[in-house]
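Once you scroll down, you'll see the structures, which are given as structure tokens.
Heads up, the next two complexes both have chain A, just with different partners, chain B and then chain C.
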Partner chain A sequence: MNAMPPLKQRKLSLKERYSHLTRGLGWETTYQPMDKVFPYVSYEGIKIHDWEAWEDPFRLTMDAYWKYQAEKERKLYAVIESFAQNNGHLNITDARYVNALKLFLTGVSPLEYSAHRGYAHVGRHFVGAGPRIACQMQAIDELRHAQTQMHTMSHYNKFFDGLHDARHMHDRVWYLSVPKSFFEDACSAGPFEFLTSISFSFEYVLTNLLFVPFMSGAAYNGDMATVTFGFSAQSDEARHMTLGLEIIKFMLEQDEGNVPIVQRWIDKWFWRGYRLLGLVSMMMDYMLPKRIMSWAEAWEMYFEQAGDALFEDLSRYGIRKPKYHEVASKEKHRLSHEVWSIFYNYTHAAAFHTWLPTEDEMKWLSAKYPDTFDKYYRPRFKCWSEMAAEGKRFYNPTLPQLCTTCQIPMGFTEPDDPTTICFRSAEYKGERYHFCSDGCKDIFCYEPEKYVQSWLPVHQIYMGNCGGAEVKDVLDWYHLNFGVDNFDYEGSPDQKLWDEWQAQKAANPV
Partner chain B sequence: MGKVSITLQNTDEGRMLVDAIVADNPAAEVSRMPALTKIDCEDRLSLRRETIEERIGRRYDLQELQLSLISLAGNVEEDDDSFTLAWSRGASPKHS
Partner chain C sequence: MTIDIRTATIQPRRQTYANVARRIGADKPASRYEESMFDMQATGEFHYRPTWAPEYELFDARRTVIVLDDWHVLRDPRQFYYGTYTITRSRMMEASEKAFAYAERRGSLSAVSDQWTELARHYLLPLRHYEWGANMNNCNITDIGFGSAITQAAMFATMDRLGIAQIVSRIGLLMDGGTGTSLTAAKQDWLEHPSWQGLRRAMEDLFVEPDWFQVFVAQNFALDGILYPLVYRAFDDEGQKQGGGAISPLTEFMLDWFDETSRWVDAVMAAAAKESEANALHLSDWAASWTARARQALEPLATEVLHDREGEVLDGIVDDLAARCRKIGLRA
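And then the complex of A and B:
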């Protein structure tokens, strides 16, 4: 339609507006030397010669930022309200689905808050105005993500168990130390490593694997509220991902000496992020009553294909694919099954319910994992379901050995042998430390002084720091309601309530 | 080279954006999933303000994309009239 009136000429172009926003925001200090004003910017060894060379491709100015963020909030809260008014929780596929939300609220939402703090911190410590503005906008975004997720899921907390004290659980519950320690590792690094870890490795390379299948899964399972907060957050994510790619290219273009440092961070944070996503793999393959795609398919689409294009692009700087990416690809046909099995073992100590997949679900798993599911995992589930039928439901009574780096129980198998548990260990100052993989071992060995300080939940329980010696004492200390929040979905109060609602629905057809 | 990619919400505006992208980038491959649409394209992909305005029937500021975006892959180049994703920034653009 050529009748459209042309944009007013006096308006500044996007590039001009952005340069006005950033102009004069960074300067050489005179009252105090620069290295005292920006104390963290050089110790990591990254050399920056020209901060002005930073380019923000979105060139978002503050007025536009507030305008669009306000609109996103208005849209989101309209959906949250109508979801509550219409009892939207009754429209989900199956109450088992809510367990994915429990994992999200306790494991992921607190990370949004940590991200807020992390970006506020580094936004203060970069010298250039461009990255400082990008980090500060992101700090505000992340706070918004934490708040909107809690608001959205608070509706489910009115009806379902395990959602009542996410922040407290995040700091204490054994498996939640996996996401917590991941983020604390990043936040306690320098500003450049922080951006490489969170903005690049996590947000650019891996976050699609968390948000896209999770939100698409929420839509498919009738949870409109979660879809909406997810997409509201994810619409900021595109900007965050771009920051991740920009910081990497900026460091690589500034000084050749930065290349090996950046490569080592990419290797480390790829592996840290990939291990964390093990939780997402089981969510996708086991916790969604209606499934979108398998973990293996998502890995192929979002890491193998997208990563090929990305690392080919970065190869001109001398950057190669992250170390051990081929191990992650070897593991893609078994990851979710191994992780779900760990949780089935320890369901008595978890803040969400577990179950064995139904026959139909196992059919889906066999089709998605033709080389592994029937051979290794179906027989295991069959055995467990027979034990349960005999009243001998299998629980693992011993606390697991944890990997010192990723803090996940040592349940992963050898890269080339899915029937043998993978154990690695290293000695440091007369103590022996244990790892789930070569990736986790390498990370420890490069910075042992950092990781010997890890707060490992199992060690802490044995040291008497977690409320007492009995499982019940520990769960109390976690603020977990024994017999309500934990154990199988089968027989849980959640299930009882859901079945009552279904019976009512059947009795009063609309 | 590799594919660039953009993922949009399945909203009214999102659907018009998908339409505009397909019109401007004949090589674009569209995959529809619950609540979202992912578009992949070899090497590069552009959104043009004019093409979007024709579909949406009003002026469109490309920064409004912020409201519909879910994810992207590729280097971003944005000005007032177009939003482009491409690999190898600075390499001469091959046009379809």
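And then the complex of A and C:
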């Protein structure tokens, strides 16, 4: 027999070759029925008629993946090592900056890990081998991000408080239930909703408002280790974003009946994501010693303008802008101030430090928020600062009511009135549930059986599930070191050491 | 002579993360593996039951009959975290790329006898589907396995199997002059040829096996434990004798990978077996039944390639696997 191919066979194009190396690997099972092998692709109501119509958002075989990623890892770890060797933490703008890292490591890094597992779930369960491979690559990328973040922050943990037990805190600490419940909401959904929530709403629509502010904040504040991580992850993120757009288009093109389902998910995950970003808004406006831009500017640039273009593009499928986007725009001039105030209230129970903005910082805030800051928030900060000066620093001693959906304390105000707290509620099976907004209420009302399961930190404390009845018992249970990790930056061990290092540096000016 | 660069020393306040210190017994410098592996997965305070498996928590230890007090005993002796994993694989791949470049440049596969080429197409190329199945099985372990120790290593194994499926496919593309005809034919073999049906059936049964630890043993210990030595050693040795030596450098990756990965597989099973008699019993049962099934599934292929030596070779491989079992505390 002749091993050479017959002459009329032509060589494969790159696309066909890639197809053989990926989706060509899959097969229709016959010893076990397909719907038993892939049991989760239909219960959400999404109809896929032809998995072959999936367009690979990027073409990457494993040989190339290993090669590129290994190169990036070599470079990243060289920087991490040199950062540690040269005490790179001394070059940041101010130790207050590290509190943004604490928020990141306890609030965001565990999400990277959850994303890793969530994509592994879809990477196993989608029927099409093409999208499965794209998800698997994201699954291992997300593991990368979780792990490299642990390594990048490892040096900071040696010198600063509040970074010592991120996973433990993520699962237990009251405000960290906001990101935790967000991601568990996504991971507990079906595979199509998961991709809509994380790949599309989170990675594609909102990443410039989450990941980028932290990394830009690092760049602006002399944190070479974290910004190097950011650059290193950038090409991964670009891949993840293309997957987000592709999955949406794929669902919308496969069946008209998918459109309303996808629209509802876009509405839900926009609002869910936006509420989560409240934490980022305060980081941008209050926690960065050197600021990148204001939250309002970021919202305008990355959501209002970029979102307009995106949803314009999707309108041909019958998709409109997410519900309540106009509420988010109304809130942009107050969001960060309201959130920072909540943390100032509860600084004794937080694993990072708070402070009142300096006069210079308030000038910046006035300039960025001309219609709201001087009117509503400056007087509040002035009052708190006077109280502190008299030795009566204001702490809120009672536990806050939480929104059942987003789990943020009910401190947000009415869309059209920044002086009135917004309360919404709904009844389900004889119980009353409370919400911070119409957006959160809608989400609950569509799937009450899901949200009644919420592990609400305040309720759990009252039920006695969090270490005890006293604040200190609860903080112990959080693994939060009382008097060290919590309270104001002013007077913290972080501050004391930072000042010592600065003095040392001044004494040895080289 | 030593040189002494003076730097300002600043005493660190702690050496490692608190969760790592608890696990290694003291606040002392920890490895990168330890800092990025321990406790990454949530184990409690879950908010919502997964809509796709509402009888379980999002991560739930009850998804296997294996019971461990501490799931972090399932450590990876290679200490792979993402960085060391990708760097290791990219090095291995560099060697493979050289072999592929050489084969392409010199057209060395055309030196392989027609008869052996035909046989190699039949015994080797359908394995790309086996590898894809192994990818699914390890992806499933990553999904529903418990604890970051086992699941992260399973993630690496998931991508390994895709990578190996692609190496096998590239061998096909070299053989068919880049037309893909060999791959289409291999798929046909996988789907229809009687010699492959035992293996395909075993894979499809594993796709629906709910106990992920059983999938681990079946796939990574038993099936691989017979298939790899059989195909990449015994069949390859036979090929050397029959003028098929030019194929060997292209499957070097798989041999190195198997030796390395077996260390992980054995360590995981040993740690689980050590914990209790009940665990050891489950693992022993799984290892025994899946080894028998793997052998049976691969017998027809072994006969096609090795003819009358088939029984002797498979006996040897099964004996080796039994020795591995005993070494890790299983009965065999």
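In this text, the second predicted complex is superposed on the first by the 493 of 510 C-alpha atoms of A that agree within 3 Å, B and C clash if a C-alpha of one lies under 4 Å from a C-alpha of the other, contacts with A are read in each partner's own complex, and residues count from 1 in each chain.
The rule is simple: contacts are C-beta pairs under 8 Å (C-beta built on N, C-alpha and C of every residue); 3 or more make two chains touch, one makes a residue touch a chain.
Computed from a prediction, not measured in an experiment: that's the story for all the values here.
Student: Let's test your reading of the overlay: on chain A, do chain B and chain C clash or fit side by side?
Tutor: Overlaying the two complexes on chain A (C-alpha atoms) leaves chain C and chain B fitting together cleanly.
Student: Using centres of C-alpha atoms, tell me the angle at chain A that chain B and chain C span after the overlay, to the nearest 10°.
Tutor: After fitting both complexes on chain A, the angle is 80 degrees.
Student: Is A:458 in contact with chain B, with chain C, with both, or with neither (first, second, both, neither)?
Tutor: neither
Student: In the superposed arrangement, which partner chain does A:388 touch: chain B (first), chain C (second), both, or neither?
Tutor: neither
Student: Of chain B and chain C, which one contacts the greater number of residues in chain A?
Tutor: C
Student: After the superposition on A, what does A:13 contact: first (chain B), second (chain C), both or neither?
Tutor: first
Student: Please work out whether A:309 is in contact with chain B alone, chain C alone, both, or neither, and reply first, second, both or neither.
Tutor: first
Student: Which of the two partners, first being chain B and second being chain C, lies in contact with A:220: first, second, both, or neither?
Tutor: After superposition on chain A, A:220 lies in contact with chain B alone.
Student: Is A:238 touching the first partner chain B, the second partner chain C, both, or neither of them?
Tutor: first
Student: Can A:399 be said to touch chain B (first), chain C (second), both, or neither?
Tutor: Touch status of A:399: no partner.
Student: Touch check for A:151: first (chain B), second (chain C), both, or neither?
Tutor: Only chain C; A:151 stays clear of chain B.
Student: After the superposition, what is the least C-alpha distance between chain B and chain C in whole angstrom?
Tutor: In this superposition, no C-alpha atom of chain B lies closer than 15 Å to one of chain C.
Student: What is the shared patch of chain A, the residues that chain B and chain C both contact?
Tutor: Common interface on chain A, chain B vs chain C: 1, 4-5, 71.
Student: Can you name the residues of chain B that touch chain A in the complex?
Tutor: Those in contact with chain A are residues 1-5, 7, 9, 33-36, 50, 53-54, 57, 59, 63-64, 66-80, 87-89.
Student: For the complex, which residues does chain A have touching chain B?
Tutor: Going through chain A, the ones touching chain B are 1, 4-5, 7, 13-15, 57-60, 64, 68, 71-72, 75, 207-208, 211-212, 215-220, 227, 231, 234-239, 241-242, 245, 249, 292, 305-306, 308-310, 312-313, 316.
Student: Which part of chain C faces chain A closely enough to touch in the complex?
Tutor: Touching chain A from chain C are residues 7-8, 10, 12-19, 32, 35-37, 39-52, 58-59, 81-83, 86-87, 89-91, 93, 96-97, 109-110, 112, 114-115, 117-118, 128-129, 131-132, 135-136, 139-140, 142-143, 148, 151-152, 155-156, 158-159, 162-163, 165-167, 169-170, 173, 175-181, 183, 187, 190-191, 200-201, 204-205, 207-208.
Student: With touch defined as at the start, can you tell me which chain A residues reach chain C in the complex?
Tutor: Interface residues on chain A, with respect to chain C: 1-5, 9-12, 16-17, 20-21, 24-27, 29-32, 36-37, 39-40, 43, 61-63, 65-67, 69-71, 73-74, 76-77, 86-87, 90, 110, 113-114, 116-117, 120-121, 123-125, 129, 132-133, 136-137, 139-140, 143-144, 146-148, 150-151, 154, 157-161, 163-168, 170-172, 177, 180-181, 184-185, 187-191, 450-451, 453-455, 460, 479, 497, 501, 504, 508.
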